[in-house]
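After this come two complexes, each holding chain A, first together with chain B and then together with chain C.
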Partner chain A sequence: MLVELYRRFAGDYPKFFKMDTLCRLGFIAAEILLKGQTSQCEKEQMSIILANRSASIKNDTDYLATISEGNYYPSPSLFVYTLPNIVTGEIAIRHHIQGETSFYILESPEQLEPIIKSYFSSPLKGGPRGALTGWCECSKPNDFYAKMQIIYGTTD
Partner chain B sequence: MEQLIEQLKSQIIEALNFEDLTPADIETDAPLFGEGLGLDSIDALELIMLMDREYGIKLADPKQGKQIFRSVRTMAEYIQEHRTK
Partner chain C sequence: MIYCAGHSIISPLGEGTQANIEAVQAGRSGLKKYTDRFADVEPFCASLFDTPQDFVPLCIRSIELALNEQIIKCENAQTIFILSTTKGDQLDLWSPAQQIAAHFHNPNPPIVVSNACTSGVCAQITAMRLLESGLYRHAVVVGCDLQSRFIVSGFQAFKALSPEPCTPFDPNRKGLNLGEAAATIIYTTEPTDSWRLVAGSIHNDANHISAPSRTGEGAFLCLKDVLNGVQPSEITRIGVHGTGTLYNDDMERIALQRAGLADVPMSVLKPHFGHTMGAAGVLETILCAEMASNSQCTMHNSQIIKMLSGFGGVNAAIRIEK
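Moving on to the complex of A and B:
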C-alpha cells in the first residue's frame, strides 16, 4: 500500500525503497501534506515534531532477526533505522526543512498537544513559523497509522 | 561467469531493496558507486554482508573494497576466485 501511495504521490525519490516502514509512512504523509501547498521558503523554516507509541519496534524486530543465533548477518541498512527519529530526518532531507526536528514516544496523540504548545511558547526568536506535527505509528508490517498537520505560530 | 553475474544482480537488487529495478537494468560494467547505481556507504556495508552470507567471503582489508566493488563484473570475478560456498 505504501509503495502504491509513493508511486501516486512521489515517484521520484528512489531512496524511499531503502526506508523502513515507519519512514515510508512518514515520508508519504509529509509528501501529501506539503506538496504544492507550502512554499519552499516556508518549508525551510519549518520544524518537525512527531510522535508515536511504538518507537521503531517493527524495524527493531526485523534487525533483531538478522543477529539471531546461527544466522549472524547484521544488516547495516536495517540498523540505520533502529531509531524512531530517523523519520524526521528523512522528511527534512526530502523537503529541505532546516528547523528543529524531534520525535517523542508517547502513550497517545493527545499528549503531543502540550509539547507543541510549549514549542511555540519557547523564547526562541524568529517570527511566524510552521511546524509539521503529528502521529506516525507503525508497530507491525501492515498495521500503520499517520495523521499530520502543519501548525503555524509565532516564536517571538 | 555470466550465470554468476546474473545471480549477483538479483542478489544486489534484493539486498539493497531496489524494488524498481530488474537485473536487466543493471549494467555489468557500470560503476556501482558515484555514477551508475549511485550506491552509498551503507550499501557498501550491505554488499560486504552479501559476500559473506552468500559466498562465504570475509573482506578483511577495506582497501580491497574499492577495486572489488567497482562494478558487478569486478565483484563477480572476485567471488569466483575466492568463494568458499
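Moving on to the complex of A and C:
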C-alpha cells in the first residue's frame, strides 16, 4: 500500500525503497502535504516535530533478526533505522528543511498539542515559523497510522 | 530562562555529580576493553557499569539524588517528567517513562524525547519551552541509556567504534566508544542560586541520515541561534559533542569556525564517559556548568554552550549562564 502511494504521490525518489516502514509512512504523509506547496517561511524556520507511542520497534525487531544467535550478520543499513527520529531526517532531506527536527514518544496524539503550542511560543527568534507535525506510528508490519498537519505561526 | 534546582550523575566513575567531577579532575576514565560482555560481538572498548543495571531503578536513583523536595513536589501537577533516551528499557521507551513518573506519584503523562544522540539537549529545550509558556513550573529531566548487544553490534557494523580509548579532535582519532550513565537535571521557573538555561536551538542538516554535513550546516545554525544576544567573545566555554569519529569532530570544527567560536576553550568528556547516548546531553551539561564554576575563571558571568549532533542529521545547542 505504501509503495502504491509512493508511485501516486512521488515516484521520483528511489531512496524511498531503502527506508523502513516508519520512514516510508512519514515520507508519504509529508509528500502529500508539502508537494506543490510554497512554504510561508524560510527553510531554516520550518520544523518537523513528530511523535508516536512505540518508537522504532518494528524496525528494531527486524534488526534483531540480523543478530540472532547462530545467524549473526548485523546490517548497518537496518541499524540506522532503529531510531524513531530518522523519519524526520528523511523528510528534512527530501524537502530541504533545515529547521528543528524532533521526535517524541508519547501516550497519545493529544499529548503533542502542548508541546507544539510551547514550540510556537518560545521567543528564540522573531518572524514566521512553520511546523510539519503529527503522529507517525508503525508498531507491527502492515500496521501503521499517520496523521500530520502543517501549522504556521509567528513568534513576533 | 529556566533555573537549575538540582542535578545528579550516576556513571561507572561514581555516584553523584561531585564524585564524577572529582573523577574527571583526577583524569580517571571509565573506558575498558570488553571481550565477552555480549555474545558474538567483537571485542570493544566502552564505559560500562561493573554490575549490569536495570533501566528504571537507575533512573529513579538518579532523580532521587537530584531532588530537593523543598523546591519541587513531584506529585504536583505543575511538575512534568521528561525522559531522554534512545533505546530505553530493552527497546521500550514509553513504559519505563511511565513507571518512573508513577514511582514519584506524578499525575502527568511523561514526555520521552528520542532524537538520537541530541536527545539530552533536546529534552532540556523541551523543558524550557513548557516552563516558559506557563504550562508547568518544574521539570524533571532524566537522561539514561544502557549498552546492549543490539547497540554495540550496530555501531560495529557501522565501523564507528574505536578499538582503543577515543581521542576526540586528535588527527589520528579512530572512532567513538559507547558508555552507560544516568543523569538528571531539575529545572524550575523560580530563580535559584545555580546556573540557568537561557537559550536552545535544534536544526537539521537536511543532508544525510547517518553522516554529518560537510559544512556543519545544522550545528552552525544552532550556534547562531544560541548566540542571539551575546557576542562570541563572551562565551567562556563550549562543551562539544566530540565523539572521536573522523566526520563528527571535523563537522564541529567547521561549525565553530563559521560561528566565530574557534578561539573559545572547549570541553570534551567522551574520553572519561564514552558516548552515553540519551544521557550524554544531560550529563555533559551538568559537568560543563559545574566545572566552569569551579575553574579559576575570573569573569563573574560564565556563558557556556553545550552542543550535540546525531543520526537523522539533527543538531542541538543550548546556552547556560552562570
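In this text, the second predicted complex is superposed on the first by the 148 of 156 C-alpha atoms of A that agree within 3 Å, B and C clash if a C-alpha of one lies under 4 Å from a C-alpha of the other, contacts with A are read in each partner's own complex, and residues count from 1 in each chain.
Convention: contacts are C-beta pairs under 8 Å (C-beta built on N, C-alpha and C of every residue); 3 or more make two chains touch, one makes a residue touch a chain.
In this text, all values refer to a predicted model and were calculated from it rather than measured experimentally.
K.L.:
Just to be sure I read the superposition right, which of the two partners does A:Pro14 touch: chain B = first, chain C = second, or both, or neither?
P.N.:
A:Pro14 contacts chain B only, not chain C.
K.L.:
If you tally the residues of chain A touched by each partner, is the higher count for chain B or for chain C?
P.N.:
Comparing touch counts on chain A for chain B and chain C gives C.
K.L.:
Quick check on the superposed pair: does A:Leu22 touch chain B, chain C, both, or neither? Answer first, second, both or neither.
P.N.:
Neither partner.
K.L.:
Answer with first, second, both or neither: which of chain B and chain C does A:Val3 touch in the superposed model?
P.N.:
After superposition on chain A, A:Val3 lies in contact with chain B alone.
K.L.:
Examine A:Ala146 and indicate which partner it touches, taking first as chain B and second as chain C; both and neither are also allowed.
P.N.:
neither
K.L.:
If we overlay the two complexes on their shared chain A, which of chain B and chain C does A:Leu34 touch? Say first, second, both or neither.
P.N.:
After superposition on chain A, A:Leu34 lies in contact with neither partner.
K.L.:
Report for A:Val80: first if it touches chain B alone, second if chain C alone, otherwise both or neither.
P.N.:
A:Val80 contacts both chain B and chain C.
K.L.:
Examine A:Cys136 and indicate which partner it touches, taking first as chain B and second as chain C; both and neither are also allowed.
P.N.:
So A:Cys136 meets neither chain B nor chain C here.
K.L.:
Applying the document's definition of touch, where does A:Leu50 land relative to chain B and chain C: first, second, both, or neither?
P.N.:
Once the two structures are laid over each other on A, A:Leu50 reaches no partner at all.
K.L.:
Pick out the shared contact residues on chain A: the ones touching chain B in one complex and chain C in the other.
P.N.:
Shared contact residues on chain A (touching chain B in one complex, chain C in the other): 74-76, 80.
K.L.:
Under the stated contact criterion, what part of chain A meets chain C in this complex?
P.N.:
By the definition above, chain A touches chain C via 43-44, 47-48, 53-55, 57, 60, 63-64, 67, 69, 72, 74-76, 79-80, 82-86, 88-90, 92-93, 95-108, 111, 114-115, 117-119, 121-122, 124-125.
K.L.:
Along chain B, where are the residues that touch chain A in the complex?
P.N.:
So the residues of chain B touching chain A come out as 16-20, 42-43, 45-46, 49, 52-53.
K.L.:
Considering only the defined contacts, which chain A positions touch chain B in the complex?
P.N.:
Counting only chain A, the residues touching chain B are 3, 14, 17-18, 73-77, 80.
K.L.:
Enumerate the contact residues on chain C facing chain A in the complex.
P.N.:
Result: residues 39-40, 86, 88, 91-94, 97-98, 109, 111-116, 122, 126, 128-130, 132-133, 135, 149-150, 153-159, 199-210, 217-218, 221, 225, 228, 310-314 of chain C touch chain A.
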